[in-house]
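These notes are about the structure you will find just below.
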Amino acid sequence: MTVRFGLLGAGRIGRVHAQGVAATRKAKLVAVADSYQNAAQDISSAYGAEVRSVEEIEISHDIDAVIICTPTDTHAVLIERFAMAGKAIFCEKPIDLSIERVERCLALVEKTGQALMLGFNRRFDPHFVAVRKAIDEGAIGDVEMVTIVSRDPGPPPLSYIKRSGGIFRDMTIHDFDMARFLLGEEPVSVSAEASVLVDKMIGEAGDYDSVSVILKTASGKHCTISNSRRATYGYDQRIEVLGSRGMVAAENQRPVSIELASGSGYTRPPLHDFFMNRYVDAYANEISAFIAAIVENRAMSPSGADGLAALRLAGAALKSAETGRVVRLET
Amino acid sequence: MTVRFGLLGAGRIGRVHAQGVAATRKAKLVAVADSYQNAAQDISSAYGAEVRSVEEIEISHDIDAVIICTPTDTHAVLIERFAMAGKAIFCEKPIDLSIERVERCLALVEKTGQALMLGFNRRFDPHFVAVRKAIDEGAIGDVEMVTIVSRDPGPPPLSYIKRSGGIFRDMTIHDFDMARFLLGEEPVSVSAEASVLVDKMIGEAGDYDSVSVILKTASGKHCTISNSRRATYGYDQRIEVLGSRGMVAAENQRPVSIELASGSGYTRPPLHDFFMNRYVDAYANEISAFIAAIVENRAMSPSGADGLAALRLAGAALKSAETGRVVRLET
Amino acid sequence: MTVRFGLLGAGRIGRVHAQGVAATRKAKLVAVADSYQNAAQDISSAYGAEVRSVEEIEISHDIDAVIICTPTDTHAVLIERFAMAGKAIFCEKPIDLSIERVERCLALVEKTGQALMLGFNRRFDPHFVAVRKAIDEGAIGDVEMVTIVSRDPGPPPLSYIKRSGGIFRDMTIHDFDMARFLLGEEPVSVSAEASVLVDKMIGEAGDYDSVSVILKTASGKHCTISNSRRATYGYDQRIEVLGSRGMVAAENQRPVSIELASGSGYTRPPLHDFFMNRYVDAYANEISAFIAAIVENRAMSPSGADGLAALRLAGAALKSAETGRVVRLET
Amino acid sequence: MTVRFGLLGAGRIGRVHAQGVAATRKAKLVAVADSYQNAAQDISSAYGAEVRSVEEIEISHDIDAVIICTPTDTHAVLIERFAMAGKAIFCEKPIDLSIERVERCLALVEKTGQALMLGFNRRFDPHFVAVRKAIDEGAIGDVEMVTIVSRDPGPPPLSYIKRSGGIFRDMTIHDFDMARFLLGEEPVSVSAEASVLVDKMIGEAGDYDSVSVILKTASGKHCTISNSRRATYGYDQRIEVLGSRGMVAAENQRPVSIELASGSGYTRPPLHDFFMNRYVDAYANEISAFIAAIVENRAMSPSGADGLAALRLAGAALKSAETGRVVRLET
């Protein structure tokens, strides 16, 4: 079987996924849609896909699955339309910033029985996968305390911050998903602190740029998350899991691993300075996993429910930061 | 000037400090007291000090300063007696587990005008000192987020846990002091979560073995602390400070730094398995600093007030863990 | 301009280069030839190239350049034929095991004026490139001493060893090229020691499995090379350059960079276990460089002369190992 | 038993050994001799030892053992005198620069039956000891290839170079001893190259500043040694041993292990800049071992014969560098 794809959204992430589809013989990029014609055309000529409208892809019989890389506020409605159109769906996170809207969308998807996979790409990073595998193999015994440090090289444009839903929903949300991926148990409480330390304009836009979070599960496992919108040394992405019998951690990644020694000391280059370079393998692997799940008719993971769970943690963290209380999650 | 010392308490820490005194020509160990005569005798013969009683040392004219390494519940009263006796005092932490008792003790010390230094030895670890120095030199710009991971190789005996004042007061307290040392600003709020993951008996003794803490200062700087009573790989002591211009971190220490490579991978030995080995330099350096402060008539640091501040943070953390609220500190 | 390619040899390296050609819009794989039809067919269907015979490619007007990945003993004659046919040529190393044959081949290529690039892929490894760049930027001052450690995970089949020309010509030759790449000056003398430590059968086949080499340039710079046919911990590939102002080194690469800590210590996974995984980027980059050199009409590097120089060093090393003398190279 | 010591030579190494003697209860520093009275007096007041002349120590009945830290050209004669005087002898390396003189000295020592230990301090470095221990425990299988990189922060004064016997005898000699320590088998051949790259004045003084050496044992094991008189990044001391089942290496040491990350990358401080700081533990441990060998009446290691063997390797290396031939050692 060859999975025939329609790509919705031909921006930078769309291009990455088009490449991911092209890289395997199990799939074929049949069509691409983007309101910006040049972008669609670019992908069309690079991969031999037709430029079609969203509506045309919706009714195309030669399309089995779609990849949704359009702006966030279109995700929920596109998921609904393509679920009803009988396509398997891969959608970039988040489904929506409103928990209620996400719930409504997922209820409809469930009714259609269509497969939906959400783009929490970090679950497919080879290093993080290896950490998860070590846990599964019992290398560290029972998971007890997860530590996540996640820092961006620099803040995004203010325009983005204003519509992103805030740092917890746009940045920490990846760490909430990673926490769930690693804890192997649902967090039941969230404590968070949030500050504006990087750029006052971020505060004036109603957001924070530096946050610390503690999650706790029912059995008492902890996860601490530390985020900053600025790390001059690059895209800092570390996870570490302490267990009853040991600890496993993923190291940071850098473009080249050389070391220069001089009178000033031993210097290695900065980390990647862009998330798409850091997670280039993760993007490719998640599309592979999506294709494999379709071909082998397996459940999708991460699912829409995973997206919802992370969004709820983000909401709880924001509430905790604003009220100075631990927020309990209903389970 | 040679500082003439009396040592109160000839246990394992007492022996370390006796060695610290012996290592410098600026000081001399004149007398040692311990209710356990053999211990006192051992130090006496090793360093040529006389065995005397506490009371004798109190009135000795040939003693300028004392080092208090007796059990915790004797600290406050010994500090008071030796302050009144006009001796400079180095005391192992804590002064007492009761904030009120510490305040009373420090008030009396202040009245006597005697010098009091508290044994927060980690401030004298060469690696942590180098981190502090990097901050002071502006290498990372403004301090924003401190991350402390501090894990013991294994839990202490239950008998110790029962009288230690609990994990926040006996273990995290070192990290509270380190947080203050690194933040350069007083924490004004504390959020903490605490669990029993390592040993149920610890829970039955009314304590926790795994805690996570977020401190926040008035200007919004954060410090997260992660503690566990068990780390199979050794005594895990990491600090990391993110600033506006960079990050500085101290690596873990191990007894030997070799690496063995085989089909199973590249393996370095575990970390130190005992705090006294990990902090051997720190112990020596703190006694040196105490001696230097006496000789040069400089203010003592860390002071009694530093001990009190850390104890208050410990109390606030416990309250936060038990109430599920952020606890604000009066300033 | 799109460079139109013919691929000669559809084995594992051929497949890698087919992928390298497919990855860029500047080139197109037009035809593939292999005496083993299935292999050719595989590449044909994956990349849309026609299966043709070597003779057909030789006279194809829609082919600008060829990539030669056939068995070593066909390289020289194929280079000659395709140079005369007016094609740009990329050939896997070595051109031939006989210096005299290589000289004859290169003389003919020169007469035709055709471009010839040799597959010393390590020059295109991003980490080694970064080392070279650091040198070029003056980061270490004048190059003084190069150290190369290069060890295979395990010995190749005896059948390969018997026709490979021996360890100096099949394995160390990469290091000789790397030495020239890093020294920036021609070696004028070679001292080598060679032993059979890994497998007696290798010795019986007339080869060695463990060699150490010292190269020296006219101005006195040194390069030491250490090779073994066996490293249980993976494909060990290190280079280090000491200069008058500092040192620069490339670290080893592993598939995933996690670390597992337990009572046995801190363990990172073994290195790559296969050269094609270790040098996946290098293979892609060398084909890119070949295409760019054609498009921009630039000189090819590494050239046929580089191949000849490395082969001469290999011959000299063998002679040194067998005679117990330093072998001077004519310059 | 308490070993009663006389110290001959109160320079910087003498002071280190005086401290080593003082650190254990098994020994006592009874007397110190130095032609420079102030130096002797300093040690005398620090450790309560008497200042005596060499002649007085020679006939002292309250002296069991001597430590010889006088200038190199006095070593052989002092060893002979104190062996005849019936004292156990620890002597800094080398015994003499002349192989013939060393042989004569050792013959006399043997006749007296006195214990003689030579100060190859690196054998007592905890990291190198751990490497040797890993080999002994079979962690890497059979030793095959040893790699030693040993570089000084900067060249010694020309005055020293002129009387040191040259780089092979004063610097590489430590690595020759380490090679023997790690190979576990005698080298039977030596190939060496030597250059002047650091400072022309060194060449004018008849010496080299940059050398590379290959040692080979009878069974074919190799050791490569790389030396430079200059490493801007500190005192670079690495050893690595490849075996049939794995590899073990000792990492470099630095005064503090912090890491600073910024836009320029991740920087760790330079290495130690002075051999006495790098090997502080090694110096203490070798004196401990000497004392233990006396107390327990065990054979001394490293012995005079070890010193002679290293000196022979140094002579062979020099001959190899000057003749361009592999030099075979008589065995």
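Note that the chains are named A, B, C and D in the order they appear, and that numbering of residues resets to 1 at the start of each chain.
As a convention for this text, a residue touches a chain if its C-beta (ideal position, glycine included) is under 8 Å from a C-beta of that chain, and two chains touch if they have at least 3 such contacts.
What you are looking at is a predicted structure, and each value in this text was computed from that prediction instead of being measured.
Novice: Which of the two pairs, A-D or A-B, is linked by more C-beta contacts?
Specialist: Looking at contacts between chains, A-B has the larger number.
Novice: What's the farthest chain from chain D if centres are computed as the mean of the Cα atoms?
Specialist: Checked the centroid distances; the maximum from chain D is A.
Novice: Between chain A and chain B, what is the separation of their C-alpha centroids in Å?
Specialist: Centres of chain A and chain B (C-alpha means) sit 42 Å apart.
Novice: Counting only Cα atoms for the centres, state how far chain A is from chain D in Å.
Specialist: Computed value for the inter-centroid distance: 57 Å.
Novice: Could you tell me which residues belong to chain C and also touch two or more other chains?
Specialist: 231-233, 245-247, 261-263, 269
Novice: For chain B, which residues count as touching chain A in their complex?
Specialist: Result: residues 142, 144-145, 147, 149, 151, 189, 191-193, 195-198, 210, 212, 214, 216, 220-222, 224, 226, 228, 230-233, 236, 242, 244-247, 324-326, 328 of chain B touch chain A.
Novice: Residue numbers of chain C touching chain A in their complex, please.
Specialist: Per the touch definition, chain C meets chain A at residues 25, 46, 126-127, 129-131, 134, 139-140, 245-251, 253, 255-263, 269.
Novice: Which stretch or stretches of chain A touch chain D in the complex?
Specialist: 231-233, 261-270
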